[in-house]
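Residue numbering begins at 1 within each chain, and the chains themselves are lettered A, B and C in the order written.
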């Protein structure tokens, strides 16, 4: 008697489609629970942690922002091996505005976000027209180059960087700022990709000739997505600057480049929630293993490779599948 | 000064060409992205150091072991990583990038940092060209570079495996119908590329110390040469190495040494804007975006 | 006597790919409302010609003029916004999406926005209407089926609908009939006739000569990138060089 595995949607998923979700509390809870978890988790859990773990939490959230913006770029087919470019540029802009002009974080962060987004988009504009591999290569090379440039020319503080910058009024404020940013980005991106605009973007990723022949200028859309992703990355950099009260070459560190990719691979590409989950797994873990020092990057690298080989769909897709569908063995008829 | 620049520029070009050969073979010619290239380079260097100093094997044996191990790693990476991720977009890049990073930082963790990590030169001494002295090691590098380039050029045009390499880059499906096992050939090409990285490491690293940053620089330089020259074209690699090599040396001698890295960046930027597929690329126009 | 100006005027269009002459000095005029067929053996440059006209490939020399405007070398999206739409020989929809979702992207384009004044209401509804026009049975809910599960006949119609969604004045159909059964072809032909009735100019690249000759006003033949004949269907097939191109010459 041969059997095969079958996956079908759960009953409750079918019952909560469209307007029928309003029919009972159970269906509404089914829909709300997954969306409530990040909100509750981020906003509710944090205040109960001790200051050390709050630091870790904030650091994780910053990485999560980078991971989520990476995911946005990959939805359009832009593979970024250099999120550290966005982080570094945003970090330096905020640092410059604060160090040389004395602006407060209230102004440096928004300005750094937008300006950073614009600058990085400009840098990458020439490569948008080319195949994905060239884009990936240039994103890999640019932050390393900028790092060397600063080191060589000793501008902007050189290897010392810009120290003694303005911090946040207190840790809790910083926590809530990054929390709200993260939630806004998560839900915002999901909304965006679920809309018709998102369909166009995914279309560009899947078959760009088809989208071109439908009368759409794919480079315009790619540029828009790049700008949004770069801005979020620059925001993370600017935020980080004020958290560390320092801006310098470490802003272009490989950490910021490899970790978002690892988080996305572990958590599940294309889902925005996946990279967030990936970040919230990888960063605290690496913090716990901090006693092992520089092993952190090794850690990210290995996790990335293991996951991409063993569970390429990522944790979130796996969880999502389990949540929405059940598997069972059926007889072959 | 000029003679010095001309000679050292040539040596520099040879170094760049040697670095790019392995990367070009796997990526440009066989279409398999290996971003762990720099890591394999450094790995070979350290392995040779270990077998020479910690285990005490003779030089030639150590060299041989390193090259073999590098080739083995290439094979393993292909079968374990690349095969599994072939479908996803550029996941080969991501996976090999992660792996390379892990390897390099692992060395840093085990504290392979310092001036004691050097490899011995092949031949000691130097020779004078007029008032310029060039050490034999550098000449040796030039010799190996030219020799390997010639060998690869002939290999990829006249041997069965070499032609198979090019076949799977051009059109994998058609190659399959010709009976070329694309997986086996891809793996062999990666092994070759890794071995080339090892050879490059063994001849180049004696010029300085084995530094982990070198791994990243190797990747960047190899990328720069391949992009400028055009992925897949051996002639392109040569021309690009000469261009970038001389540009770097002139910058180092007439401007300042730390602007050297920028030369690679500027070269990439110019090429990508004017002729993105590289100076001598074989790839058809349609493959490049419109 | 004034002849109406041609809608599309192609002059001496030439394109080579690394030494292979794909299209060589091809010229033709297209009047508004005509249905022109382009035929020729495999590899004769038909799709390249379409790519040249629609901007996917830039010519080495020659001009393409649309309504007197020089559109040679323009980007595809700009050409589409002028009113030229095309289908692809290899149909490749977004397989995981339902058929009607595949229509959203053309409906999102600036041209459609311009023509409807930005108020097209629900794109989904428009998509469903268009699909019904090309034969997606409304009551069988075929339009809701995932594109990957649809047979070739429906996919070809989807391709046609995507082009129609752009409300073009000129549609170029690249081997629409290929891979279809006689019955399927027979069911698509009325849709094409309806387009003609609406005044849309059509170019059809085809291998299925009998079906093409029934509906085409005129036909021209490409061989090794050159135009070797131009005229009504039956006349063209009597042409010696056309026969030689398709069938080869007799050996002595």
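Here is the rule we use: contacts are C-beta pairs under 8 Å (C-beta built on N, C-alpha and C of every residue); 3 or more make two chains touch, one makes a residue touch a chain.
As the structure is a computational prediction, the values presented were derived from the model and not from experiment.
Visitor: For this structure, I'd like the pair of chains sharing the most C-beta contacts.
Guide: Looking at every pair of chains, the most contacts join A-B.
Visitor: Taking CA centroids for every chain, report which one is farthest away from subunit A.
Guide: C
Visitor: With centres defined as the mean C-alpha position, give me the subunit A-subunit B separation in Å.
Guide: Between these chains, centre-to-centre, one finds 32 Å.
Visitor: From the mean C-alpha coordinate of subunit A to that of subunit C, what's the distance rounded to whole Å?
Guide: 42
Visitor: Could you grab the centroid distance between subunit B and subunit C? Build each centroid from C-alpha atoms only and quote it in angstrom.
Guide: Taking the average C-alpha coordinate of subunit B and of subunit C, the gap between them is 47 Å.
Visitor: Listing for subunit C: what residues touch at least two other chains?
Guide: In subunit C, residues 56, 75-76 touch at least two other chains, as defined above.
Visitor: Which positions in subunit B touch two or more other chains at once?
Guide: 290
Visitor: Touching two or more other chains, which residues of subunit A qualify?
Guide: Answer for subunit A, listing residues that touch two or more other chains: 212.
Visitor: Looking at the complex, which residues from subunit C come into contact with subunit A?
Guide: Residues 54, 56, 75-77, 80-81, 85-86, 88, 92-94, 97, 101, 104-106, 108-112, 123, 162, 165-166.
Visitor: For subunit B, which residues count as touching subunit A in their complex?
Guide: Going by the criterion above, the answer is residues 33, 35, 80-81, 84-85, 88-91, 93-95, 97-103, 105-106, 108-109, 216, 219-220, 223-224, 227, 256, 258-259, 261-262, 264-265, 268-269, 272-273, 276, 287-290.
Visitor: Considering only the defined contacts, which subunit A positions touch subunit C in the complex?
Guide: 196-197, 199-200, 202-203, 206-207, 209-218
Visitor: Looking at the complex, which residues from subunit A come into contact with subunit B?
Guide: 77, 79, 81, 126-127, 129-134, 136-138, 140-142, 144-145, 148-149, 151-153, 212, 254, 258, 261-262, 265, 292-302, 304-305, 308-309, 312
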